[in-house]
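As written, the chain order gives the labels A, B and C, with residue 1 at the start of each chain.
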Amino acid sequence: MMPLTNPLLLVVILINFFTLGSARLVACIRIVAFQGALLAMLPLTTHGITGHAVLLAIGAFSFKGVLIPWLLIRAIREVRIRREVEPLIGFVPTLILGALTTAGAFLFSDFLPLVAEHHGGLYVPTALATMFAGFLLLITRRKAITQVLGYLMLENGIFIIGVLLSEAMPLMVEAGVLLDLLVGIFVMGIVMNQINREFTSIGTQRLSDLKE
Amino acid sequence: MLELLILSPLAAAALSLVFPWYQLRSWLLPLSSGLHLALSIVLVSGSFPAGGAWVGLDALSRLVLVVTSLLFFGCAIYAVGYLDLRRDRGNKVMVPCLLAFLSFMTLAIAARHLGLLWMAVEATTICSAPLIYFNRNRLSIEATWKYLLLCSVGIALAMLGMLFIAYAALGGGAPVSLQFDSLLATATSLSKPWLHAGFVFLLVGFGTKMGLAPLHTWKPDAYGEAPGLVGALLAGGLTSVAFLGILRGVQLMTAAGDGAMARQSLLWMGILSLLLAAVFMVRQPDIKRLLAYSSVEHMGLLAIGVGIGGLATFGAMLHLINNALTKGGLFLAAGNIQRAYSSKRLSEVRGAIVGLPISGTLFLAGFLAITGSPPFGPFLSEFTILRGIFANHQMVVGVLVLLSLATVFIGMGATVLAATQGESGPKNDNFRDRPLLYLPPLMFMLLILLLGVYIPEPLQKALSQAAALLEVHP
Amino acid sequence: MIGGLFLHLALLLLFAPLLLGIITKTKALFGGRIGAPLLQSYFDLARLWRKGFVFSRTTTWVFLAGPVVGLVVPLLAALLIPFGALPAPVSFEGDLILFVYLFGLSRFFTALAALDTGSSFEGMGAVREVTFSCLAEPTVLFSLLVLARLSDGLSLNTLLGSHLLTAWQSEAGASLSLILVCLFVVLLVENSRIPFDDPNTHLELTMIHEVMVLDHSGPALAMILYGAALKMMVLSALLVKLALPWQTGWWLGDVGLFLAGQIGVAVLIGVIESSMARLRLPRVPQVLIGTSLLSIFALVLVLR
């Protein structure tokens, strides 16, 4: 099953780039959903068809690939926002930063004291690169929805490491984690809606009244 | 038994969703939390089995459990009176969220599996977000958004830290598991670099939730905009739970023989919190934000206490109780003052003792208690921490702590005295002190007073046991 | 050697205009039309060639040099690149640099010819063309570096040698697929296809490449059109070799495979042109920087 893993992880990295460089929110949500769906296949390609892997794949697919994107798309349909305008840092600089952090992730993971079978693999660098990309989105974008997407990508990156350590995460915990993520996004969607109602925009730059 | 403790508030939350009667729904809070308190006391005092692989109680969690339960019980009584006043807002969201919050806090306290602990802590974030948004205005939205996003991201990092710890087990050839007892048993064979990275991420993650500087930025906003009782629960309960998460990391590091590094990082974060909080508390015109920074300060003290070790750890355990109860009393009293003056800023809040005799007095007493004045409990615990620091010959730390405590006293005093003394400002005449709204903070303050004068033998023993868990075992 | 040379040139000269016909046909089919016959571009070339030259009095010899260089460069470049399994007739160490910059030379002369007319529209087109190809250049170079890393030589013949087949099956397959995508984007940019430029547009303001050749007519325009077709075939030869690294062992089979690949690329371009809208001008540099980053990433993957 291993041969499928590397292309899968590469596509995950490409999706990071796409999300960093795209201004269209619906496209971003779809592509992050696709990333989640791809990652849901990762337990299968890593561990083969075992009960744990199959259940985890199904759970992750339905939560990350279907339910959460559906919630987000519904949320932005209600607030009628289509594009990310004026990010704090432009799209091209974020793309370049994303490429730098990705290259950094690859170089850095060569120095990490990984166990032998993970050396030279794509798991750890991809996980790091995805987390960095998520952080970049969180930091550089103004729209609440893109920040949520950044959070999702951060979770996706962590998920990759979680797949390597599936013995440590019993199904019950994995299910709880996914459920937390779903409910969290649901609550964030509601808050986003309220932000829009109060400020007639979901730009978080308006959220600056509370300060010293 | 423990399962009942965790699930009963959740069941009550479900029940509250179907109850059509407003008043009864409110009363569900004290009923359920009263049961919770009774059960916890039975569980803690009795010699029940410590629990299985998933949930269980050790000396540390017993301590946090009782404190949280007690605090929640007080807040639940207060909530009945508060929700009666806020009929415009309704309690259909507040009551279930509060009960679910209690349930997940209990789960987090009792969790013996790091994954379960993570899940429960993240669930508390989600449950408490609607509570912060209770007032539904622009400011509370902003506070909720910051709280939700920052804490979620922070907790995600804690997850990463846990996975690193699991990786440490993989790298060290130990059985890969996040079950805490099995991790402790195999701690010496964990791969060091991964364990250290894991601890740092745990510290960052739970530190965000706990509000240690420099990860505290959401705290003044969230505490300032949330209703007083939610502030009390967050500052007294949730922070203790998050601190427990960090302490789990310290326990693991100590068992692996790297306790010194864990303590060092806690110590520095604690000092930073203390100093930053002190700076922001001077000339703070908002009484609730003031309390929020005071919370940052006391989280710093807890971290310093554990960071120093020895006697200071004992002090920190005692301080955990004192801080939770005092913060509870302070936030509830501040909530009353805010309702009476329709403001929480010094420009409107003046002479609260004249305008609102009981709550104003309680607020003043709470201020004296939290800044460590005798004869209240925090004096004793802060003094113990300081003694621990000096006994350890950490002069620089000791002087820094003393200096910031003095700054805090002056800064907080200026604001609190201005708010309570003198002529009363223009006040909302409909609002008077009512028993449901002043009895809980009064109860907290009396308990604090009691703890300042006399520490009962069982408590003393429980504290020593909790502190002993964090020390090096030969 | 000589036979190979003639085969190379014959293939190039005969089949290049057919590719344009295939693209047009594909687009017509997508649009539900029958469309112009496949050989239309040959007829166009013949018709243009029979006309006379018309030169503006303000132009100089540079104006004619543009089309001529544009026709000669692809011919020279074709000698450096293998057509499928047919090895390149001319090959030496480092010829990949010559290959890349030969096209730079032709671009230089096309831009000069455009500026020579003194029209502001043509100047605008020249600016855009030069900007975009300058942004596309890193992608090409990094992609070639990836190939150079995978082979043990610096000539296009070894870069695109028989080791590609094994490389695809190894770890490097991912990098190869990445640079395949990058090079395809470069092909679209260099040949002024949708979504970067629209070869059929009639509004000067939105043109990039076409506006530069507005003032040419007759045989000069024929040279430009023929040169463009040749350029497309030469560049897509790179892609075809990358994507179809098999060898049949019989020269006619190799030719068939190569031509099938070329036709496949043409159809793909037609499909893309029918299904995508043109990008806004500010987005084009973003996409090109994106492909540069991708090719760098591919390089990082093979370097580690």
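By definition in this document, a residue touches a chain if its C-beta (ideal position, glycine included) is under 8 Å from a C-beta of that chain, and two chains touch if they have at least 3 such contacts.
Computed from a predicted structure; not experimentally measured.
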Exercise for review: When you average C-alpha coordinates per chain, which one falls nearest the overall C-alpha average? Tell me, please.
Suggested key: A
Point to revise | Maximum inter-chain contact count - chain pair | key: A-B
Point to revise | Far-end chain from subunit A, centres as C-alpha averages | key: C
Exercise for review: With chain centres taken as the means of their Cα atoms, state the distance from subunit B to subunit C in Å.
Suggested key: 66
Practice item. Report, in whole Å, the distance between the mean C-alpha point of subunit A and the mean C-alpha point of subunit C. Key: 37
Revision key, fill the gap. Distance between the CA centroids of subunit A and subunit B (whole Å) is 31
Study note, to complete from the structure: Residues in subunit A with touches to at least two other chains are numbered none
Exercise for review: Can you check the complex and tell me which residues of subunit A touch subunit B?
Suggested key: 112-115, 131, 138, 144, 147-148, 151, 154-155, 158, 161-162, 164-165, 167-170, 172-174, 176-177, 180, 183-184, 187-188, 191, 194-195, 198-199, 204, 207-210, 212
Exercise for review: Would you pull the subunit C residues touching subunit A in the complex into a rising list?
Suggested key: 171, 173-174, 177-178, 285-286, 289-290, 293-294, 296-297, 300-301, 304
Point to revise | Residue numbers on subunit A that touch subunit C, as the complex places them | key: 6-7, 10, 13-14, 17, 21, 91-92, 95-96, 98-99, 102-103, 106-107, 110, 120
Exercise for review: Give every residue of subunit B touching subunit A within the complex, in rising order.
Suggested key: 113, 115-116, 118-119, 122-123, 125-126, 129-130, 133, 136-139, 141-146, 148-149, 152-153, 156, 159-160, 162-163, 166-167, 169-171, 175-178, 191, 193-194, 220-221, 224-225, 280
